[in-house]
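In this document, chain identifiers A, B, C and D correspond to the written order of the chains, with residue numbering beginning at 1 in each.
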């Protein structure tokens, strides 16, 4: 296993689209490189996809939405890959059932890499010959952001696969560890005044359709915690009977505690009486200063109730984040794990580390319109029964996060790098 | 079976609390009177409760929250009724599993009526002797609104029970039918200007805690349909392939269509080639002018997408309803079925007929605080994964609806009297 | 509730078929008489049928197999009862799903009794006018034995319904209790020599088709316990870790112990530290001398393994029972509960008390032929994945048991009156 | 992929145990050689185990039952492999849940092969140094027969894995095809006279404990078909409405037809209007002369009912097979697929081709005793709710079949190489 140095790569978007294409595509393979062939195929639960599937699906996206419509006479790599690697686009046709992605030993990993190379050749040619075609540009940029989303999912999913294995294998043994001064014991509270604000995306750069349109929103006075909730603070909640007292929980969350036997965040386990947690670098002792991670919305909400606070709305979060540089402990830092806060005089950890659960349901903004055709299925059709998360995480690729970015997951999801920031 | 004349009863709230108590309590029994003993015990799906359970549970509410704390030396009617008839109050203790409510033949219906009489005697005495105790007043009023909610559920649930029976028995054969001029063919669109509005409850009258606090909300220009979507319009959607084309549906809704085999609203069935629907008055031919009823949020949202419109937000709905008298085809009309619109020059059918799905998730208003103790479990702990409905229905008891009232159900629920009003 | 005196009724088969018809039909109603209307409709698990369903189904049997084919111009009582009360006869047509029998409040109990009276009138007329028609005779006799089977099921099922209720209501408070000398502490072992025996039914009297043909079977020497395993002996097994040690169990049985949480026979519960059990007469203290009852095949087999013995085969049991009078603690004794053994010098408790699990799978005898048509579905199509039980129980109607009688249930069934006799 | 020539290997048991050990162990790896790394890890349904698991589990058997007890100071290869590769031995301790065997990417295939080599070294040393230890001999022989069983399962399971893949990859493209004269159109019927026979194993050679003791069994006259039921004959059953008419089916089987949508044997599919079937050599056209394969007990029984015949009992089958040489189309033939019959003057295809469903439940023989300790869990604890199959199949390893051999599977199992021979 070669030492990967993600952070040494120039990960900001370069000038030419074809170069950026190459850079993003390469990163997916770089991220997969530490895996054994056997790791590529596992689907540890229906929500998780095998690494192999991620690598092929993002490739299918380019083949389906770019090469087939814009390259005359293009021959698909394999006639059944459309069936196997369509994720959820009803307009494209039938597809392999999602919960059965882990049952496919073929195509092999080697064939998937050949598929990628085949599509990359054709894409490079397309991007060279039709560099100015606006639809080609727009869709390629969408495809690259799409692949970046799957890069985050790839790491999130492989963590689940490895953590489920009784051998607890590390994704990489050689991940850097953070050496630092301890986190300030108490958060501070940053005050934002009542006002008519605007949130949502507007501009020439790329954003997903669910971030638009920009629109006014009236907010009352609110305070936002300067940093994320730490493992140490969450442990206090646990020791105060957090998982034993229904009064802190939404009814559906309390049902999950009971039926799923939740008694700590995902990936925490007691080893010889001490809390340890599984990371992409293997099993580690619990660091009380790190942000708590891998909690569901239910746990985030219960923690906030116990603490006498609440979660922020997505509008509040965005207002706070608007003026902050979207930098932090993201994928290119190479830690692949959330880090302790370092500064509490201003909003810290807004970008990177962990996705922050908001108390906002994932719904269309006023005036939202999905694109027509299959690409319109990208975001809009998931707008129910999910909550919005903001800010990216330690496995979010470079250039893929911004203040208006809306991530979303069901209230019971725990395998994402998701954590808690309080408001009141 | 005696002819019931619900509408002849003086159903507005009278001056004295003890009289109002008697009136509300009597209505529950009047509504149950047409049933056979056998009908009282059926739980046709986990969401439905047996009539007998409703009658006992609302009684348990008074026993638990009024008689036990405020009547010295009060002896409960039966030591195990607390276990059997607690719905979801964790703070009160263990309870009988919800999906097993239909497995209990005992207590018998006659015992439940004796339980009601026992508690009514004690309540009347309490309301007489401690008429001025503010907590007694407040909790009694809450208990009566609670019982009114269960009156609606009682009718909604018994409809499900009877509709499931292959014999399709009517709740009452003698329900009045509406004789009227046909509904105007087209709705009109009522325009509301962009503004900073206020929504939510404030005042001295009763409202549930989830309606508060009153707070500002900024709305952009919107148009609201003057009337509800009719059966005839919904049939056009069906005939246009509404249940066959995924492009109209949220992903989760499309999943329901496929796994549940939805192809029409609940209670519609084809009899000898014609659409009929089950009502509380038995099977009837489809009336194209009546509002469509018993659709899920998914169906409401899919219909709106097909129609090129959208559902209103709850704030939009409330702004429109604020200035409208909360009257309409409610329970006291005695139809127990939605009626055609009669007027499209101003908002019609806002109150009564069917609950109107909004595109707003059921979440706490800014500054919402649940009450402390068990009563605080009334509303707040259900604030996730549900959508808000507004306006009451043809089985909502008199005096129980207002512009700020927030009803809520999961996106797949169809057995409520729920329908569609469009916005854009 | 009137005192029922089942045992005072002349329960042996009288001379005329029409009189016997009346006697059997009456017994079903006598057995139902102690129930509240509410008790008639409950289906406490899919295997259980509501009392009302039993009463209607056995009536449907006469209507379908006697009145419709043999009474010209016969009009069915209700056109949909064929759909509602067909149990499993595919040749007769569609039927209401078995697990939903408890969801039907209609027909009411009163209507079901009218259905019975209507069919009884027609049957009496048929049996009078066509008394000599051989098919009418044969099918009526089958129908009466069929109703007797459902009489046993009716009591077995209502016990389950009442036991599930947290109020633990008794079927009858006034059941007689057995006053006796204690059971002899140790069973004796009765020896049967190796030989070529014959088992199975042959003769002019009634027997079910699955008891035929009579055929030779070679048995090696075997010993049969003189009496049933007692509660006291079973408690020793429990105290020796019977439900905690996988070595006593079939793999599938051990799976049931784990997933179902079995730790005692069905209907046993600890009340204030003592074992009690639910009976048709209500909750009673555990009597160590009574035969253990309501155990599955898995528990019977595990007990035998722990005791260093085995269960008998059905051939061994039948050889032992052949020369014994088919009398004992059957329904007409009126105890409705198994009784202690009184004699261990010869085989005791072979008939009545509890059905005895054998180690024989329920399979066709050599040369078995099912009848043609719908009646052929009576027995043959259930010949897989069930085990044979022998000897009848304390709720088996008079005249309904014989040495060749083969009862059968799946290995996990516990709600039958089933117990254990050892062999080696 | 190297051409494998299984049949050229000397597969009969040689003189020395250590050599036989090497031969059997080598065959498992030879059978795995055609697979891609990705194929080794898939569990396509809970009944199927990944190839990797089979290879490790049989190795664990030697480590656990031979090396740990008989080699002083033996160090296990990996401390957690006992947890991962114990199949069902409760006495050995906790184990990884069976349905999750396919979720483990680690140990890798390469590590499993190193595990095998490590154990093989230690076993060879043990077999050399303690060649005369009777327990070592006995357990090694058991371990080798155990590995042979898993060789059959390995091929059976990988067929299921590959058949489930929409790409329908072949296990080996180069399997030989049978070139032959057509099967004789009609079977003949071989007559066996009524008699007191003996069945079961007795002797010095190896047999599993479930084949003993030898015991008398009385059989009436019976006829056995000279050959297996062919695809052509089964197709006639299908065309006569075999899967549409409940009258041919056991009730539980008809339930499977309805809920599972069975309409042909497993692995049959219509391609462009013609029946094809998936084989270890890939997709092939249906050969009408080949024995039907991959049918459940329910289908075998339904076919027999339709044909007016029945399945043989295991005693009948054994009586017929006793005098026949246990040779036929077994694994060493290399076809890995059943072949047409060639001779109908005497019992043909009794050994090899397909396992033959009998109408005998899998139960202990009279006097059966399981071994004590963990090894006693090998067979006895599965003796319920399964049916016996006889005769081996085209993937049964050489030397692993005999007339007394009892295979067993649940009535709904179809993925085994199982077929039909009629009796009457």
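Rule of thumb we're sticking to: a residue touches a chain if its C-beta (ideal position, glycine included) is under 8 Å from a C-beta of that chain, and two chains touch if they have at least 3 such contacts.
Note that the structure is predicted; figures quoted are calculated from it, not measured.
Chains touching both chain C and chain D: none.
Of all chains, the one whose mean C-alpha position sits at the greatest distance from that of chain C is A. Centre-to-centre separation of chain B and chain D, using mean CA positions: 60 Å.
Chain A and chain D have Cα centroids separated by 46 Å. Averaging Cα coordinates per chain places chain A and chain B 39 Å apart.
Taken residue by residue, chain B touches two or more other chains at no position, since every residue touches fewer.
Considering their complex, residues 88, 90-91, 196, 215-218, 220, 246-247, 249-254, 297-298, 301, 310, 359-361, 363-364, 366-367, 377, 381-385, 387, 411 of chain A touch chain B. Those residues of chain B whose C-beta lies close enough to touch chain C in the complex are 36-44, 80, 83-84, 96, 100, 102-109, 161-162, 164-167, 169.
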